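Each of the next two complexes has chain A plus one other chain: chain B in the first, chain C in the second.
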Partner chain A sequence: MEVGKRLSRVDAPDKVTGRAKYTGDLVPRPHLVAKVLHSTIANGRVKAIRTGKAQAIPGVVKIVTCFDVPDIQFPTPGHPWSVEKAHQDVSDRRLLTDRVRFYGDDIAAVVAEDEISAARALGAIEVDYEEYPVVTDPEVSMTAGGESIHAECPDNVLASMDVRTPMPESDFKTVEEVLDCPSYHQFRGHYQTQQVQHCHIESALSYAYMESGRIVVVSSTQIPHIVRRVIGQALGIPWGDVRVIKPYIGGGFGNKQDVLYEPLNAYLSKAVGGRCVKLELTREEVFQCTRSRHAISFDVAAAVDGDGNLMARSVRALSNQGAYASHGHAIVANAVTAFRQLYQDQLGCHAQARTVYTNLPSPGAMRGYGIPQSNFALESMMEDIARAFDLDPYEFRLQNLMPPGYVDPFNGITCHSTALRECMAKGAQFIGWKALREKYQNQTGPVRRGVGMAVFSYKTGVWPISLETAAARMVLNQDGSVQLQLGATEIGQGGDTVFTQMAAESIGFPADRVHIVSTQDTDTAPFDTGAYASRQTYVTGMAIKDTGALFKSKLLDYAAELLERGAGELDVRNGEIVDAGTGQELLKLHDLAQEAFYSFRHSVHIAAECTHQCKDNTFAFGCCFAEVEVDIPLGRVTVLRVVNVHDSGRLINPQLAEAQVHGGMSMGLGYALSEEMKFDEKGRLLNGNLLDYKLPTAMDHPELTALFVESDDPTGPFGNKALGEPPAIPVAPAVRNAILQATGVAVNTLPLSPQRLVEEFTKAGLIGGKEG
Partner chain B sequence: MYDIGNIYSAKSVPDAISALQADPTALVIAGGTDVLIKIREGKYAGRNLVSIHELRQELEGVSLSSDGDVEIGPLTTFRGCTYSEVIRATVPVLGQAADTAGGPQLRAAGTLGGNLCNGITSADTASTQMALGAILRVQGPGGVREIPIDEWYQGVGKVALGPAELLVKIIIPKSHYEGWTGHYIKYAMRNAMDIATLGVSCLVKLSPDKQTVSDLRLAFGVAGPVPFRCTQAEQDMAGLSVAEAARQIGPAARKEVNPRDSWRASRAFRLQLAQELSQRAFLEAARKGGAAL
Partner chain C sequence: MNVEILNCIVNGRSVEVAIDPRESLADTLRERLGLTSVKKGCEVGECGACTVLVDGQAIDSCIYLSLWAQGKKILTVEGLQDDNGELSNIQKAFVEEAAVQCGFCTPGIIMSAVEIVGSGKSYTREELRKLISGHLCRCTGYQNILNAVERAVNEAHKFVGK
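== the complex of A and B ==
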């Protein structure tokens, strides 16, 4: 069995020795360097750009402005394309724009011999603007009137939804009637999440050149096949004229599930006759000009009966989309859907969501895709309800959880397997839940401790909201090993390693006989939409399983020929041909391969390729328990212990699974306590660098504990379910709820930063009051 | 790629001074942890540099003079300060403060001289040097002069260095540290790789029975435009019992500091920190001095 092993990463030796090549390592010499001129206003129009002085700077090769680029609008999110117009992504971007929509919008670009010439040229370009009032608040943006941010969207509301679950027979006609019914406990709450960024260590960068009349773009992306399509769309050229190559990448977390500067890079190379042009963003540009996590506000209500049953809930979510649609409404739609799914309402749930354009940098996909936001609201709400009505927060959650077999009334996603209850028990036992809850009641003094929890559900992939498709190719080598080619991408998560294990498992090979091709080149890689939605082990895994079965049957057919036996009597085990009944080795695969390649009698190159269109989905689950110490006068929270327990089905590689959980928990801690993109009233990002943006360091982390309860999911190719994104989800509400237990203060806005806590503790009388 | 006009590597202190006289627009670069960042962000793009990085023979290291004063070469790195046996034996609080700057890489490159010469309020060693009453020896075309650190800061980013003058020695007189113990608290949003939201350094001299505060120094970073001492609070604490001083020092400091409202932290938040941290720094300094706490 190769699946389930703690196999070392297949890319580990190259990565730790520095041999692994990333985009920046591969740029050919000589090459030109491109830099983008970003607007210094957040809303308005470019009236004129004068490039004369910049053009005269030595080393400057070409300057293009928003007035030079083709008048084509294109979409950027890394979604599968839809052949139905109604389901296509919003096309609201141009390569460069004269209509400035956020501070830092792309209005011109310089191509120069080197970075310094390019930077000096940027400084010498003169721009005249017409300025409009800046709107950063979605509530204001919806109602303010004035110039629309996008002409196609006059009220600045990109999209909205209003979904009511079907209600069973009762005296109530609507969810609102239940919520207002005085015989139930009534709860109302407001929770607010902040805009944060992925902080992948490798910048967003690419280089582009022309070859044989086609454009080649090498990019640090999660989605090479989608990047190819969007470059074709953006430049108005046939998609086959574009070739995208994706080497190793230094992190993406969803930011590189968006097409960022690749189309502009391609355009700039074309503009200089196909010479190689590198376009690498600075960290400041990554912050200001690439994607981030949506700030979403939630107004929630619940009715709970005297036995602790959730009777009804409602949620109204408002998502700040910033200047461009990117992944747009899909994020907040996902958020309120998960809000509904995790718990069962006896009577009904009413979810409303709106996505609104403002003059801020555009959020897009980020690990968890809306769920870290709604889970903060939901799990804070569950805690607050338990506290308000004297329910045990653990039991209250348990009592109302999504049951096995649950089918979502709208999208049909089904709970095929769940070990959430077991995860909760395991987490509670690890942290010592009952004893600590007891111990930390009624503390006094400036330093107090508390323990908190949160649970979550997360779907696996995007079906049926979007297409799920993946292809794999396996090619036999002369020595009896196999090349595995995929369109699915290694983005640091360990994809290549688990794909290798899955391929080995499905063929009957040991893992060291599978050679995965890590780089995707859209000219040769099979089609796959890429790394996002925690989909690849599930969807690509199915393609690998199918392809492995086909490849194996071809090996057996050829072995049957050589051995003059029926193929059905044979099997591949541990990489050799054996008698299926006795297990006796009959033929070395090496010998089979030599024959297949070089036989005068029958030469055949054994290879297999399959597409798997996945038409299923399944829920992954998990929980987080956190123990914190709060230094009240300083507003400082120390997380003493934190544990995530996940049900992601069967683990393909427990070691990599743990690593994935550690990374997600780290992201969750930053989300909880310190990370936040801050803007001034002009829409300018104030802290767009890693000094002022408080990504936690190694010194800020407690020991991170990752535990699992493995269900066996009947729909997963190997019993597996989503794991990539989930670890980031439950940490923030668990920490928030622990602070609540420690101090009695419920903080409903993220991040729980020291200044915010000092303000809240002061309001609550813990600072400057009797106890201060 | 850094946009540097040209760089001259000085061969001696007088050579550096002549180079600065020859090119008054040039900037001095030592460890580079500040200047290079400002070049990268464009503020100093294209500027000429005079490097004193190679003058370690003359300007690096910590020693004890014959009369017991601590003499610190301005090219001494944060790390060099922290790990100096002289510092550990005489002014451990300065080594402790130096150890809170940035991360290991920065502390191996950034210098104590640079930390004073850039004139910023958040400099992690500045408040402790204020509390210690350091004497700054500078050398320029007109020769050598000594400036008490109280007169060093002229405004945000501005210090008392004249044209073509270099800081050549930081002196902590024996009387300023003998019998004193101190503690520095850097309050930042992270435990490493961060800039202080507020820094407080407290030095205390206890009575022989360790019950009373004989004398006290309290200095802040980021509680005003430049590092400064709370001289009123210092006077008010002198003569109080340790327990009484612990009660009074926070509110006293709060009255004297003048932090600003910024997007990094509000004035109200910094006032709360100043109050709370003065007390904590004092208690720790007193504990180090032998107070039973």
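== the complex of A and C ==
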């Protein structure tokens, strides 16, 4: 069995020796350097750009402005394309724009011989603007009635949804009637999350050049096949004229599930006759000009009966989309859908969501795709309800959880397997839940402790909201090993290693006989939409399983020919051909391969390729328990212990699964306690660097514990379900709920930074009041 | 453009290279000497991805002028394997503890680990956290990185005092 092993990462030796090549390590010499001129206003219009002085700077090769680029609007999100117009992504970007929509919008670009000339040229370009009032608050943006941010969207509301679950027979006709009924406990809450960034340590960068009349773009991306399509759309050229290559990437976390500057890079290379042009963003540009996590506000209501049953809930979410649609409404739609799914309402749930343009940098996909936001609201709400009506927060959750076999009434996503209850029990036992809850009641004094929890559900991949398709190719080598080619991408999560294990498992090879091709080149890699939605182990896994079975059957057919036996009597075990009945080795794969390649009698190049279109989905689950110490006068929170327990189905590689959970927990801790993109009233980002942004260091972390309860999912190719994104989801509400237990103060806005906590503790009278 | 000649020892080999006096050591190592393990994540000394050893001391090479390295010994990850190509104990610890994910911060942290292990001292977990806090990593939560560094430190101490 290769699946389930703690196999060392297949890419680790290259990564610890510095041999692993990332985009910036591969740029051919000589090359030109491109830099982008960003607007210094957040809302308005470029009236004129004067490039004469910049053009005269030695080393400057070409300057293009928003008035030069083709008038083509294109979409940027890393979604599969839809052939139905109604389901296509919003096309609201141009390569460069004269209509400035956020501070830092792209209005011109310089191509120069070197970085210094390019930077000097940027400084010498003169721009005249017409300025409009800056709107950063979505509530204001919807109602202000000023100049629309996009002409196609006059009220600045990109999209909205309004979903009511079917209600059973009862005295109530609507959820709102239940939420007004005095015979139930009634709860109302407002929760607000902040805009944060992925902070992959490698910048966003690419380089582009022309070869054989086509444009080649090498990019640090999670989605090479999608980047190819969008470059084609943005430049108005056939998609086949574009070739995208993805080497190792230094982290993505969803930011690189968006097409960032690749189309502009391709355009600039073409503009200088196909010479190689590198476009690498500075860290400050990554913060200001690439994607981030949406700030979303939630107004929630719930009715609970005397026995602790959730009777009905409503949620109204408002998502700040910033200047461009990117993934747009899909994020908040996902957020409120998960809000609805995790718990069962006896009577019904009413979910509304709205996505609104403002003059801020555009959020897009980020690990968890809206669920960290709605889970903060939902799990804070569950805690607050339990506290208000004297319910045990653990039992209250348990009692109302999504049941096994649950089917979503709208999208049909089904709970095929769940070990959430076992995860909760394991987490509670690890942290010592009951004893600590007891111990930390009724504390006094300036330093107090508390323990909190949160649970979550997360779907696996995007079916049926969007297409799920993946392909794999396996090719026999002369020595009896196999090379594995995928369109799915390694982005640091360990994809290449688990794909290797899956291929080995499905063929009957040991893992060291599978050689994965890590780089995706859209000219040669099979089609796959890429790394997002925690989909690859599930969807690409299915393609690998199918391809492995086909590859194995071809090996057996050829072996049957050589051995003059029926193929059905044979099997591949531990990399050799054996008698299926007795297990006796009959033929070395090496000998089979030599014969297949070089036989005068019958030479055949054994290879297999399959597409798997996945038309199912399944829920992964998990929980977080956190123990904190709060220094009330300082507003400082120390996380003493934290544990995540996950049901991601069968683990393909437990060691890498743990590592993945650590990283997600870390991101969750930053989300909970320190991270926030801060803007001034002009829409300027104030902390667009890794220091002021307060990305957590090793000193800001407690020991991280990752535990699992493995269900065996009947739909997963190897019993597996989503794992990549979920670990980031439950940490912030667990920490928030622990602070609530410690201090009695419910803080409903992230992050729980010292400034915010001091304000809240002061309001509550813990600082400066009779207790302070 | 002014050109100056930098003479130094890089990964045990004497190097003479023409540089721009304004140039950072990170750029010299990457662009002129092809040592691409030296990663640039911020170029202002925040992330630690460009860490190399200069005369045994870990520095952010993105904010270290190449001229300052005149006559000094520089070590990068490319210089850690022995003559037979065997990984160093620190590199092995990073592989075995699954301390590597995207791998972009890895060479820099390994170089700090070389300094830590080379000090010959033992450290508490909290001290190790402080010692690697100049490195930012978004993939690992530092958990397995700490495990790897701790393991390398402990292994080094097996040979001490016996």
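Assume the second predicted complex is superposed on the first by the 772 of 772 C-alpha atoms of A that agree within 3 Å, B and C clash if a C-alpha of one lies under 4 Å from a C-alpha of the other, contacts with A are read in each partner's own complex, and residues count from 1 in each chain.
In this text, a residue touches a chain if its C-beta (ideal position, glycine included) is under 8 Å from a C-beta of that chain, and two chains touch if they have at least 3 such contacts.
Keep in mind the model is a prediction, meaning the values are calculated, not measured.
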Touching partner for A:Lys678 - first (chain B), second (chain C), both, neither: first
Touching partner for A:Met667 - first (chain B), second (chain C), both, neither: second
A:Met699 touches, of chain B and chain C: first, second, both or neither? both
Contact breadth on chain A, by residue count: chain C or chain B: C
Contacts of A:Phe456 with chain B and chain C, given as first, second, both or neither: neither
Which superposed partner A:Leu691 touches (first chain B, second chain C, both, neither): both
Residues on chain A lying within both footprints (that of chain B and that of chain C): 690-691, 697-699
Partner chain B, residues of chain A touching it in the complex: 114-116, 119-120, 123, 633-635, 674, 678, 680, 686-687, 690-692, 694, 696-700, 753-755, 758-759, 762, 767
Interface residues, chain A side, partner chain C - complex: 8-9, 11-22, 24-25, 198-203, 248-251, 253, 282-283, 491-494, 655-656, 658-660, 662-663, 665-667, 669, 689-691, 695, 697-699, 701, 703-704
Interface residues, chain C side, partner chain A - complex: 30, 35-44, 46-47, 49, 76-78, 80-81, 87, 91, 94-96, 98, 100-107, 110, 125, 128-130, 132-146
Chain A partner contacts - residues on chain B that touch it in the complex: 1, 3, 42, 45-46, 103, 187, 189-195, 197, 263-266, 268-269, 272-273, 276-277
